[in-house]
Structure formats: structure tokens, C-alpha cells
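Sharing a structure here in C-alpha cells format.
To keep things simple, chains are lettered A, B, C, D and E as they appear, and every chain counts its residues starting from 1.
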Amino acid sequence: MNPPASDVVPLLELRGINTHYGPVHILKDIELAIYPGELVCLLGGNASGKSTTLKTLLGMVKPTTGQVVLDGEDVTAKPTSYRVQRGVTMVPENRRLFKRLSVKENLELGAYLRNDRDGIARDLERIYEMFPRVSERLSQRAGTLSGGEQQMVAMGRALMAQPRVLLMDEPSMGLAPALVQTNFELIQQIHESGVAIFMVEQNANMALSIADRGWVLQTGRVVLDDTAAALMSNPELRASYLGG
Amino acid sequence: MLVIGLLAFVAQQINPTNPFASWVNPDANRLTGPALRDLIISGLNLGVMYGLIALGYSMVYGVLGFINFAHGEVFMVAVMSSWITSEKLFEAGLWEDFFIPSLLLTVMIAIVVSTTTAVVMERIAYRPLRGSPRLIPLITSIGVSFFLQNVAIGLFGPGAKRYPQLPEWLTARRTLLWIPGVEVEGTKILVLVVAGVSMAMLWYYVERTKTGKAMRAVAEDKEIAALMGIDVDKTIVRTFAIGGAMAGVAGILWGLLFRSVVATTGFLPGIKAFTAAVVGGVGNLGGSMAGGVSLGTAESLGPLLLLEPMGVKGPTQLKDAVAFVLLIAVLLFKPSGLFGERLSAEDRT
Amino acid sequence: MNRLLDIRNLGVVFGGLSAMNDLNFHVDEGEIVSVIGPNGAGKTTFFNTITGLVHPTSGDILFEGSSIVGLDPSAITALGIARTFQNVRLFANMTVLENVMVSQHCRTKQGAFGALLNTKAFRQEEQEIRERAHEVLSFFGSRLIGYRLDQPAYVLSYANRRRLEIARAMGTQPRLLLLDEPVAGMNPKETEELTKLIGRLRSEWGFTIVIIEHDMNVVRDVSDRVVVLDHGETIAQGSFDEVSSDPQVIEAYLGRPVEKK
Amino acid sequence: MIRNQKRLGVIGIALSLTLVAAACGGDDDSANVDATTAPTTQPAAEPAAEPAAEHLGDGSLGVVTVAAGEQIQIRSLEAITGDVAFLGVPNDRATILAVADYGQINGFDVTTGTSLDDLCSAEGGQAAAQTIVSDEQVVGVIGTSCSGAATAAGPLISESGGVMLSGSNTSPALTSDLIGNAGDNYNVGYYRTAHNDLFQGAAMADFVFNELGFTTAAAIHDGDPYTQGLAQAFATAFEELGGTVTAFTGVGKDDTDMVPVLTEVAAGSPEALFFPIFQPAGDFIAAQAPGIAGLENTQLLAADGLLVDGFLQIPESEGMYFSGPDVRFGENVNQSTGKTAAEVLAAYQSEYGEPPSAPFWGHSYDATTLLLDAVKAASWVEDGSLMIDRAGIRESLNSTSGYSGLIGTLSCDDFGDCGSQKITIIKHDSSADIEASKANVVFEFAP
Amino acid sequence: MSTIDTAHSMAAPTAATWSPSIKRLAQTAALCGLGLVFISLIGMPVKLNSRALIEPILSRGYASLAWVPVMFGYVVTKQVVLEGMVAQKRGASDVAEGAIVGAGGGLLLGILGILIDNFDLRDPLLNWSPQLLEFITFGNGLGFGVMIWVVIGGLSGAAGAGLHLLPATIRRFIMVIVVAVVGISFLETAATDLLQGLRLEFVSDGIYSKTSGLTIKGSVITGAIAAVALYGSQQLQQRRLTRLSQAPPAASGFTPGAAILNSFGDARSRLKVGLGILALILLPMVLGGIMNELLANVGLFLLLALGLNIVVGLAGILDLGYVAFFAVGGYTAAVLTSPNSPWLTPELPWFVAIFIVVVVAAIVGLLIGAPVIRMRGDYLAIVTLGFGEIIRLLFLSDWLSPMFGGAQGITNIPGVQVAGLANVKGTDPRAVFYLVMAFCAFAIYVSWRLEGSRLGRAWMAIREDESVAEAMGINTVNAKLMAFVTGAILASLSGAIFAAKVGSIFPSSFEILVSVIILVIVIVGGMGRIAGVMVGAAVLIGVLGGPSQPGLLQELAEYKLLIYGALLVWMMLKRPEGLLPNVRRSRELHGDELTQDAWIKSQVAAQDEIDSDGAGSEVPS
């Protein structure tokens, strides 16, 4: 694995993480690091432990051993809200908007921990700019939006927390093909604005086509760890999806 | 029911003897216009109090997905504590001389006590049960309800307690709004006004403030709410507290209107409010109020407008039956209540 | 061949989002058809629609030539369609035996009085139910019989739960068996074993089978025909080899690279 | 858990073996058991043929022996929990006070044991009576509070040879119609110091029709057998007198909003409204009636259920008439304890910190002293033990005549009615001076 | 203390959560004091004080307080030993902590005494009384009162904490002895009654004092017997365990049906069941009136609870208005049999009327069930509650009083004429108990047969997962209606016996409270399990008492519902599966299956996330 530069401190890091659900070993010795401004992806089939990795990063699952390091600080024991405040935010799988709340309220909730009114207003403006479709539907209930629009709101909501690293759980899941394309473009757009992105995907080709680096997870263990280009051409990748 | 009542009221104004009256039973007493109006006003009064209590049921249901059976006892605790406060103030001679400050103090104490009760209840009885099957907290809440009711009996005895007299200017009949000829007791106007204001404040709090938003977010998806940095536990406590406060307001109003309290005061209103919440659609605040009002007016009007013309003897004996029939009818035609939402995903599992 | 199940222009819309879009699908008597597709492709919704848990917004589902749209799930089961569930939904507090016995409900008819009076007909039917349950459970070798018969389903291992779910579905005596990810969570050995059993389900029990499966080895081994769903539409069908080399399918699974800006 | 179950099993087996052994132990077991349900096992052992001292009773119902150092057992059976506790609790307390005031009988203490609860229900009365009759030492019962409970308790007490004296049952079915016909639920051994309700309704009707001169009236009850019966009796009598009953209806005991029921009543514009119910529902009717169009000038009337300080103290009750037993206890003296009604009331207040919540405390006090007098009359000391003849107790009670009690002069008729049958109607003028109101009798009615 | 399961050893060791701190001690002491003050203010000590627990050294009043510091002392020094951790060494510090907590609590009670002396709060607080003050000060002045309570509290707290110092076996002995002495003392009435029936009056005369409670000698004897019994049962158990460990593991039943089937299949258990039945048949003979009455009441509620168990426990329908069917049964029987009933003159013999009762109950069950059965769980609860109230109000109403007597009820209901044998009515509780027992046996038979039948399996399937049950070919609406109707019929039988037993019937016997108490019986006993329901009925109705039925603990009658409430909450928090839960885990549970079990949970959790959102979310699951 080739981290961008050896002297840069990783923004978010998992060190020797092992996680259990009850006695079942879900994650095995996971080591990964996300550096500022990177776009990286974690690939893997069903039940490979992708979601657990994300939850561990966010503090929703406590690892049995190992450390979660955020910007040099060990946050293993810290609650989710602390990590959110320090710049880690997730766009959950299937978007999971607050469907009964309006679009605007969803966005505002993204900034729940922030108190700078002006900053919030500015960021809202930015998001309207980024997603003009969203700004047209601010007072609509989020549940009534189409899948693509919901994805935009979900991203907008996450951006409202002013993240330094954005975790994306299966951003292409359940979206029509045309939307998947747009979606990835959006991710790139966000990435270009300076936010590090950690993407968990099963849509490997699409993810790798925009990512810098990637890991492949199989039954809780990292089996491949390489640059995106190398992974793309690795035949083992296809095998892990469609069977050997 | 409300609609029938209003129609009847309009009909009254045109024809002073009730056209609904001799339906099956030609001997039925014919209601007069003022009588109908009184019924509607008292139904509304009862209804808004049911509504205020129902808000607590509804909010807790929204957030935790179970019916907090013991909420009626929170209301009882409020009525009790306001009785004790006002009684003590009366003994000290303050109630009559400084009525407004005394009343405010009573209100404050009642709200604080009922809120505390609700919060402690959550902490001891419900928080450890988070995530267990639905039936379990429901049954726990029945236990809490028994417990609180009987604690009140143990501490204060089973007898009825009287509130001190209210000043004349409050209880006097006044013209309601600017409708000439419609005179209503001041207390009843006060009940409607306070209930309206409380509802508006609650609405503002839940719909417009950040914490209200957090509350709704937690109601919908606790995990994602936590992801936004919301403290889920604290928000749940807050929900109980606000439900308790609303019950506190209802308790004060109840005390002012009926000026009497017994340890079982909370039981029937609690069940009615629970019914109101279901009629309105559990989890929907406006619905709870609407449910309360329709239940109150149904109880008030139903016996005389529907039962008596059908030849039922002593119809008001069956007013509770009318309320429950309304519940059943609503649920048969709208299984999730008048304003109930389509069930969200987590409700089904 | 006789078309057992014929789905025509099926559409399902949830709150404005379309989950199933003009889907055409058929199964012939005695076939084993696999339905594959990436996560969120609508496979489970597809099963739910056939079994009556979800009502389609358009199109028709014909079973043995007559429409089953709008029927209650129990009525559909009575006609001869049985299924398993992706996330294993056993009756956890009932025993293994009871789980299979209860699934014969629509094939039996003794009521309360028979049970109370312990009539001959009742005993006979109970006996038959029990025997059939044994027979069905014996199909999985020694895994679900013996002392396990009287264990509650929740103590079973994951693989055994999957097996029991299949057994339960077999108990309804269906003509068409819908298996939703039957080998998910099984280890390779168990998977191999079950794959063989699926073949025997057809040859020995005469079921027509539709399988949703992620494990491509299983799909390859059992299927006569593979249907690929994506976004609620059929994007390909044919033999496993045809399908697995179909670029559209590979794209559905691995996605298409994004044009880098 | 499994271990526990095994242990349970072991204990279960041991228990059943014991039982089997016990059952096989003697075939005369059933005979013995039968004997226990008969009044007493004593007479066989100690025939009462030669009384050691003069006493009432022929021993036909058995004799209870109280050994030296033991206490004479009587029981209080009242509604002490639940909705009707307001009625039963003062009765129970008055009984305890009376026992204390009475002192010893022939050197033996009297105890009421644990107060039993009739729960104001037939099933509660039955179960409690069963407890009482199972203890052969119990010589008498003060209770019940509710007529329904007495209906079920009566047969048990009666068959066991005991006596039961109630201070607050008023149902005619429990005694007689006062012209010699036993009620449906009459049992020998049943007595009461409360009035027979037969006349209260009639008294009120008479008063309203003849004294007040009203020809229209309405009645409201609360679903309690007592209030419903009283309201019904009033309505029937009023119509017989030639009046019109414009409405006869009920409320629930827990109701607070009385506007619907009052509106129903108001539709007939009655001149009088009789609501013989209890607190708190009575408070709400009194408070809300004047506000109802059509009832502004209606005369409100109630019965003994509301003739309590808690109700008389509220200003809304001013101007009302109350029917009920004569409660001008004043300086009446209980001849057995020598206490006046005022003294007993004062003792009650200081002991329990609140005034009695129902007016039958005096009746219960008198019932208790009547019973204790009867026990005294039917008992004698023999070898240091106190012997009490059950039949003597009944004999003594049956012959009660001209007894001076807190509630006035008591005489028992053939069906156990011992209280004064005089119904008085008082006018309540001022909530500030309750005692004056209680004495302000405007009408008396005696059969 | 706890043996570590190998299957769990994968979980990493975590730190023990116990650490002594001033704050925690102070908090616990405050809670302890609040408990004491609370119990005092609801009046328990003063009311119970007139009766002794152990004459003359301990009154029930003081006993009602003494357990509080003992419990807090025990709890505050309790260690939570996590897997893989070693228990901390016990020592004098534990005792000291217990003593501090207890003394703190006692101090608070003393302070209550001071407050009572100086302020008059008797107006709202009934028990803020001179009697309480006297109770607290032992009549010896405040200084003494405060001191003595600090000492009593401290000693009790230390005793509670000291329990930890003892080896587990001794601790168990102490607990059993204490429970036995307290229990036997409180159950004086029942024990005397039973001993009399067994002609062992000398025993009760020997152990009970003349006034109330056990004598000192009696307590010693009781304690000794309890200790011997415990020792004996431990020995027996030991022997059984060794036998079991040698024998191959036998199949054991899991669901009630299977369990009973199996237990019948086994000759030993058959013998046991037979002996049990025989004992039950003989029991009423040796019991006196009180106990027969009590058991008859237990039986009536058992019958009700068995019916509700089918509805709630088997089919999973939460019915809060179950009392409606009890009322329907009672009233139908009353109308048909009583000469006093205002309506329908034929005075049928009870055994004829009962068939009509069943038919009427079934019809009412169908009428109520049909609209209700399709509703969701919580809504169903409130709607059934509504129906329960409607039915009671109708029976009470003046409107229908020409039929049902309204508030006056129906009296003079004759008993049950058992051809040539007896007229079973309330004055003969033994006969009533036999009658009730016969019907309970019938209900148990029905429950047992149905549970193991096609219908019973369908009910359980619906309870477990309604939509899967539907998908497995069960017509859920019909099956649920059947459960509802079966429950209704059993309740109506209870009602009919009730009417004949009491001899009169009033609407006030059918309040909501009755429904709730029946539900509590089913839940406390263990939902869906016949034996559980039996235990629930015995413990709640027998010991505490029913809504209008006294239990063994007569003295606590005033606090009955309070205890019901507290018990219910405690059960739900600590033991939601009930006293006798529906299913037990197998001893043969394999390690690998346990592992898989945990894994599946995580799988299902993950899967649920997928299911509950996005396109798949509208699938009813």
C-alpha cells in the first residue's frame, strides 16, 4: 500500500481492529488509514464486514481490540457525537432520510452540533448551489422525493456537518443506472471541494474508477489492498463477486 | 360527532326545538339551543384536557413505540400536587388575597412535579427496557400506573379532596368572544384559552426549534439521529418531560374546572386520553388534540343527540360507551386513526 | 412444456418509487430457475409479490393458468406456492417438528372438536402430519431429526435454520418452491451439500423451483436457466454461462467505470 | 432454573405424600370436617347443660370458650379499600374506638383482629365471611358496609351460628319490608343499626310533593345499588303522590363533567332534583347544576351519602335539603360506654386526623356496643375461661329495646332492624356552620 | 461465582464495574432512607404494628421496614463479576459499607421523626401522624429515636452486606430460613387451617402465639424444619444429578404441548402427575373454609387466565377487555337460573344453562372479535378495553335494567345442583372448589389438547410471526377468531360458576381492573405455558388476593394493588419471561450452535437495515 506521503498524519485510522458480535468474530485485524483529501473505497460482497467497519469508524460499534484514531487522537472510547463534531460524517446506506421531516429540516439536522448561524446559512446556500433540484423542494417531506433527490439530500445533510472525511455506505444501492452515474459525479465534486471520502461499495468498477485507493474485504479480513487502477485489473476482484 | 353537533347547533339557531330529537323516540326531550351550546362548550373543555393528556401518550408513542399506560397517573399527580399547593396557600391566606401569583405558583409546582414524575418513570421503568418487545414496556406501564395510583391512596388517603374556592371574577359567566348571547363560565373560557396556548407552544417547540427537530428525528430513526450528533437518551427524557408538562397543564385546568381530586382521578381521563390519541392517530400531535376534542364532544353530545332519540333510557349513563364506540368506529374505517400516518417501517417489525 | 408460473408485465410501485418495472417471467413445470442480481435489484420484492405479501400495481401473475393477483398469502400457499425467507423467519419458539407440522395447515382440516374429543380422524391426521413432517425433515439427513425434533427453532445453528425453513416450505406440499438465498451464511461444505439437495428436491419431490442466490457456484450448479434482475427489470436470461459472460450482467454487478472529469 | 424445578418437584412429592397419608390416616376424617362447618365443636366436650353462672342462651348454637389470657374475638368487616373506602373506613374506625371504649368483658379483652375488607362487593363479602366463620372463636361481626356484600356474607354467618351487625346496610331485602315480610336476602343472625331504606325515598317524595309543593322532579343515581334503589323509591313514591318524574337517569362514579346529565335533566325543567349519591360525583352535580339553563331555580336534594362534612362545607351545597337518618347525635350518650357522640367524634378526629367521611360511624359504634353487651349477657366465667353462648348473643340482640346509643334509642324488630326508622330531612343553610344545618330538621317521617 | 462458558470465552475481558465510592454510598444511603420514609408515609408500619411477626420480639410493623436496609446493604456491596474476571476479595470493608448505607437510611427515618414532631403535614399526608412518631421513637423521645434507627439501620445494612461474606450454601440456608419464618408467620391463617384439617392442631398451637405471629420457639422450629428440608432437597438433587450425568441425555420437551406430551409418556412423570391429581382431589377434604374459599377463587381466576392464555399467550392477541366475557358468562347464567331475574323466566338448572352460556359467549366473542381481530397490537388492546367497558356499562344501565337488573344486579341465584349429590353454592366452599377444579381440569385439558393440535400450532405460528404464518397457508383471521372465541368460552364458564358461587351478580364485579389482573396472572406466570398460568394464579390470587378476593396476606390487602404494580414492573425489568417461562434452553445446547446463534443475530440485524429502507421498505414484514 502506498500512502500519499509518509509524513502526513492520517485523518482517520483503524489500527488492529477486531470486532465481535457476541462471540462471533466479525472484523479481523483491520488496518486502514484515510488521509486528508483522499478518495478511497472499501469493496466487498455480502456480509463481508463492510458495514461493521463503518460503524466502528463512527463509534456505533465498539471494537474488542484495536484503536480508532481521528486526526492523531485516540477516539476509540468517544461517542458518535464527539466524532461527528470532529469532522467525521456518514451518508448511510439507502440514504435513510428523516422521511416525515421536510427537506430543509433534514439539512438543518445535519448541522445539529453547530452553533454558527452564519456558517450554517452559508453552507445551506452552498448546498442549494450544488443541488439546485433540492433547493426547489425545501418544504417538501423528504419521503416524497425520488431516489436520486433523496441521495442528494442525504449528501447535503452530511455536508452540513462540515465534515473533513465523509463516509459513504453503498451510495449506488437502489438507484437507477442513470442516477448512479450522476451520483458518482457528485461524489467526485464533493471530493474536489477538499473533503476526504471513504466509500463502501459493491459496485466495484464504478467505485474504483473514481477512487485513489481501495481495499477488498472478504469475511472480515482485508484480502486486497492496492491502488484503484491495480485493483481494477486484478482478476481476483471479479472472482470475489461472481465466483471463481 | 363534532360535525353532527355543529349541524345541530346551526339547526338550533333556526328552529329552537331540536330537529334531531324525535327520531325513533317521540317522547325524547327536545334540547334547546342554550342546552346544546352548553353541551358543546363542556365537551370542548373536556376534549381539550383529554387532548393535552393525549399529547403525552402520543409523543412517547412516537419516540419509543409503546403506549405509556401510566401517563394518566402523571396527570393525577399534577392534579394532586396543585391541590396540595393551593390548599396550603389557602390556609396561609394567600390564595384569596394574591390569587394570580398563587395560581402561577400552583401551576409551576404542578408542572414541575408532573414533569419530574414522568422523567423518573422513564429512568426507572422504561429505559432498561429499550429494545425489548413492545408488549413488555406496555405491561410495565400498567404496573407503574397501579403503583402510582395506590401510592397516592397510601399517602393522601382515598377520599375526595376539595380545591379552595376560586374568585368570582374568574368563575362568572362571560360572553364568549363576541358572539352575543353566548355566555360561558370564565373558568371554561380559561381552559380553552390555556389549552390553545399550550398546544401552540408545543407546536412551536416541536416544529420550529432545534430540539423539537431533534425529537422528531429521534422518533423516526434513532440510529441516524445519533449520527447527526443528537443525544438520543436525552431527547427521549425530554419527550417524557414535555408529555409530563402537558399532563401538568391539563391537571391544573382539571383542578380549576372541577375543583376536586381523588387518587383515581387519573384513571378514566387517562384511558379516555389514550383513546383520544388512538382516534386522532397515535404519534400525531395535532391528531391527538383533534382526537381529544372529538372524544370530548362525542361524550357530551352523543347520549342526548343520538341515544335518547333512539329510545335509550338514561342515555348519559352510556356516555363512556359512546366514546368507545366512536373509537371502534374510527378504527374500523381508518385503521391508523383520523390523522394517523402510514405506518413507518419500524412500526411493523 | 407446461407453464407453471407466468408473470406478465408486472409492475410494483412503492410511494412513487418503482420497485418492479414491466417484468416478464415464467417458470415451466419441473424447471429450476435462478434469479440473480445485485443488492437492491428487487429480487425479494419479486418473491413477495408472487406470494401475495405485496400487491402489484400492474400486470398479472398466472399460476397454472389462473391469476393469483389479489389473493391472500394463505390462499396462494394453498394453491401450491411455498417460499423461504432471505432473513430466515422461523417460528423461533416452536420446535423443529412443530415448525414443519404447522406448515401443513392448509393441507389438513381437523378443527378444535377433533382435538378436544381426540377423535379417530384427528389422531389419524395428526399421525399423518407427524409422519410427513418426519419424512420432510429426514430429507436433510440426520441434521433435523432425533433429539433436535423437539428443540425450539431458535437453538438451531444458522445452517440448520436455513434447512428447517426449506423443510417448512416443503411441508405445505407445494408445486412451486421459492427459495430466497438458501445457502447464505453457510460454509462451503454445507453449501455444497445443500446444492445437491436442491437438485434432489426436483428429482425426488417433483418441485418446480425458483431460487434467489448470490453464490454463483450454487447458481451454476443447480440452474436450468438463470434470470438476471436489475432495477426491477429482467436484463438477461439463459444458461449460467451465457448469462455470466453477458457484459450487461457484469456491468450490473461490478458497475460501469465513471468517466473521470 | 432447572435445579429449582427439581427442588419444587421434590417438595411437591413430599407434600402430596403427606396429604395422601393424612387422607388415608382416618376414615372419620370427613366426619370431622363436617363437624367444623357446624357451629362449633365445643358442645360435645362441654355440654352447656349446667351453666356455671347466669347467662342468656340455651347452647343450641354452641359455646365459645375463651381461655385465660386469650381475647374475645369479634371482627370488623367493612369496605376499607377501593372506591367505597370512604364509607367503610369510618365504620371500621368507629368499631375499633367502641371496642377500646367498652373495655373488658368479665375480665377478658376484646379484639377485632385484622379488619376484614368486604370490598363493597358480593364476592368480597362472601370470601371475608368465609374467613370469619372458619374461626370458631369469632363471636360476632360488625359489618358490612355495602348491602351487596351483606347479601353474600349473610348466609354464611347465619349458618355458622354467628351474628352480624351492620351500621350502614340499608337495603330492605336484607331485613324486611317493616310490615312483617322477610326480605329476599334476610338471614337469621343479621342485625343492623342503620335505617331500612324503604322509607327514605318515600319520605323525600312526601317532603317534595307535600311540603315544598313541587309537582315535577328528577332523580339521578350513580350506578350503585344503594343510590339507584333510593332514587327509584323516590321516583315511584313521587309518581304515586301524583307528581311527575321528568327524568330518571344515572352518572358514573368517576364522572366529573356533569353537564350532559344535567342537560338531560334540565330538558324536563323539574322543580326538584334528587341525587342521593356520594362524593365526589355529588360535588360536581351541586357545583355544575346552577350553571345549566333550565336548572337555575331547581331545588337540589340529596340523601345521607352526601350528608358529610366534606360536602356540607362546600358553598354550592348551601340551600340544599338532605334526607337521612336522624343525625342530631349531639349529646346522645351510648349507655354501654358512657361516651357522648361529641366525645366519640372528637376522639375519632384526634386519632385519625380527619373527620369521618360518611355519617354511619355512630351507627357502627352503637352496633359494636350492642354486640359487646350481648356477648356480656351471653357469657360466664368457668375455670378461668370465658364461655360465650352463641344462641345467647342472638337472644340478647333480639330482645334489645330502648337501648340508648349515639344515634338515639335502639330497639330490634323480628328481622334485625334495630335502628331508628325515622327519616329526617334537614335544610342546609350555611356551609360555615355545619352543625347548625345538621340540627335544622325541617321534616320528619316515620312509618 | 460464575462459571465461564467456553463458548463465551471469546469475548474479551472487561473491567469489573464495581468500585466503592463515597458518592455511590451516599446515593444508596439516600435511596435506602427514601425507601424507609416512603414505606412509613404510606402507613404500612403503623398499620401492621399491632400484629407480631415473632411474638414478642418483632412486630410486623418493624419487619416492614427492616428488610429495606438489609436489601440495600446487600445490593450496595454486590459485585458484578464479568466473565473472565476474578471476584474481589470480600472483607470487613463490605460490612462497613453496608452499615454506612443502612445507618444513613436509618438517619433519614430519624429525621422524618424530627420533621413530624415540628411540622404538621397531616393535612395532605394522612400518615404524618403522632402514631408514626411514636413508632419511630419507640415512645422514647426523638434523640433516642434517631439513635436507635441509625443503629438498627446500620446493623441491618451490615447484615445485608455480610451475606456476601458467607459461602453460597450458608447464604442460601439463611435466606431459606428467613423466608420460611416470615412466610409461616404471615400465613398463620392458612397454616392453622391446613393443620386443623390434618388434625395437627397441636402444631399450630405450638408454633403460633396466642395473639399473632410465631412464638420464639415456633420460629426456631420453623427455621430448623426449613433448614432440614433444604438440606434434604439438596441431597436428593445431588443424587439425581449424578444419575443424570451417567445416563445418556434424554430428549426434553420444549413447548408446553411437547413438554406435557413427553411428561405423560414417561412413566415416572405419569406417576408424579397422578399423585398430584390425587393430592388435589384429597386436598379440599383436609382444608377448612378459608382455604377452600381461597382456592375456589384461585380456581376461578385460573379458569379466566387459562382462557386469556390462549388469546394472549398462544395467539399473541393482547386483549385488555377480557372481563367482558366473564361478565357475559355470569349474567347469562344468572338470567337463566335465578328466580329473581327480571327477564326470561325459565329457571333452568345450572347444568342446562351452562350450554346456553357457552353459545352466548361464543356469539359475543365472534361479534367483538370480528371487527377487532384485524387491528394492530396496541390498537387492539385499547379497542378490547373499550368493549369491556361498553359491556359493563350496558349491564349497569337503566336502559337494560329490565333484562339485567341494572345497578341492583340479580340476586338469589341458586347454586349448582349436582344430581343427588349436593347443591354447590357459596356457603359450601369445599363443594365450590370441587366444581371449580373440575372446570379448571376441563380448561387445562382444552388448552393442552388445543396447544398440541393443528389449531394450536397455527396460533403459535401467528404469535411468532403473523405474516410468515399467513405465507405458510394459515388463514390468520379465522385462527385468531377461534382463539378469541375459545378464550371467551372459558371466561364465560368462570363467570357462570362465579354467579352460582356468589349467589348474586352486580356490574361492579366486572371493572377494567379484573381484566388487568387476569393479564398480570398470565404474564407473571409465564405467557403461553399452562403451568406458568397456574403458578401465576396461585401466587397472585392465592397469596396477594384478587380484585375482590382476599388472599393469604390479608394484612397487606390495602397495599395489594401497590404490590401488584411494583411486582409487575419488577418482573418486566428482571424476568420478563415470567416465573415459569414458555421455553427453556436445552442443556444439550451445542457450543457451535451458540456461536451461530449470535452470528445470525448480527446477520438479521444487518439484513433488517436493508429491508427496512429503500425500495424493499414497503414490504410488510
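In the analysis below, a residue touches a chain if its C-beta (ideal position, glycine included) is under 8 Å from a C-beta of that chain, and two chains touch if they have at least 3 such contacts.
This one's a predicted model, so the numbers in the text were calculated from it and none came from an experiment.
Colleague: Smallest number of touch links from subunit A to reach subunit D?
Modeller: The least step count works out to 2.
Colleague: Report the chain whose CA-based centre is farthest from the CA-based centre of subunit E.
Modeller: When every chain centre is compared against subunit E, the largest gap points to A.
Colleague: Looking at A-B and D-E, which one has the bigger number of contacting C-beta pairs?
Modeller: D-E is joined by more C-beta pairs in contact.
Colleague: Which chain, with its centre taken as the mean C-alpha position, is closest to the global C-alpha centre?
Modeller: E
Colleague: Please identify which chain has its centre, taken as the mean of its CA atoms, farthest from the centre of subunit C.
Modeller: Following the centroid criterion, the farthest chain would be D.
Colleague: Just curious, how far off is subunit C from subunit A if you go by their C-alpha centres, in Å?
Modeller: Using C-alpha averages as centres, the distance is 34 Å.
Colleague: Distance from the CA centroid of subunit B to that of subunit E, rounded to the nearest Å?
Modeller: The mean C-alpha positions of subunit B and subunit E differ by 33 Å.
Colleague: Starting from the mean Cα coordinates of subunit B and subunit D, work out the distance between those two points in Å.
Modeller: Chain centres of subunit B and subunit D, defined by C-alpha means, are spaced 38 Å apart.
Colleague: When the centre of a chain is set as the mean of its C-alpha atoms, what distance in Å lies between subunit B and subunit C?
Modeller: 50
Colleague: In subunit B, which residues are in touch with two or more of the other chains?
Modeller: 157, 313-315, 317, 320
Colleague: Check each residue of subunit A and list the ones that touch at least two other chains.
Modeller: Counting only residues that touch two or more other chains, subunit A contributes 47, 94, 96, 147, 173-174.
Colleague: Two-or-more-chain contact residues of subunit D, please, as numbers and ranges.
Modeller: In subunit D, 81, 223, 248-250, 354 touch at least two other chains.
Colleague: In their shared complex, at which residues does subunit E touch subunit C?
Modeller: Result: residues 249, 251-255, 257-258, 262, 445-446, 449-450, 452-458, 460-461, 464-465, 467-476, 482, 486, 528, 582-583, 585-586, 588-590, 592-593, 596-597, 599-600, 603-604, 607-608, 610-611, 614-620 of subunit E touch subunit C.
Colleague: Considering only the defined contacts, which subunit D positions touch subunit B in the complex?
Modeller: Spelled out, the residues of subunit D in touch with subunit B are 81-83, 85-86, 89, 223, 247-252, 254-257, 259-261, 263-264, 266-268, 279-280, 283-284, 287, 291-294, 310, 313-315, 354, 357.
Colleague: Residue numbers of subunit B touching subunit E in their complex, please.
Modeller: Against subunit E, subunit B makes touches at 61, 66-67, 83-84, 87-88, 91, 124-125, 128-129, 132, 134-140, 142-151, 154-157, 271, 274-275, 278, 282, 312-315, 317-318, 320-321, 323-325, 327-328, 331-332, 335, 343, 345-346, 348-349.
Colleague: Provide the residue numbers of subunit E that touch subunit D in the complex, in ascending order.
Modeller: Touching subunit D: residues 51, 122, 126, 129, 189, 193, 196-199, 210-211, 229, 232-233, 236-237, 240, 272, 275-276, 278-279, 282-283, 285-286, 288-290, 292-294, 297, 340, 396-398, 406-409, 411-412, 426-430, 498, 501-509, 547-550, 554-555, 557-558, 560, 584, 587 of subunit E.
Colleague: Tell me, which parts of subunit B touch subunit D in their complex?
Modeller: Residues of subunit B touching subunit D: 29-32, 34-35, 38-39, 41-43, 45-46, 157-160, 162, 165, 173, 185, 254, 258-260, 262, 264, 267-268, 299-301, 303-304, 308, 313-317, 319-320.
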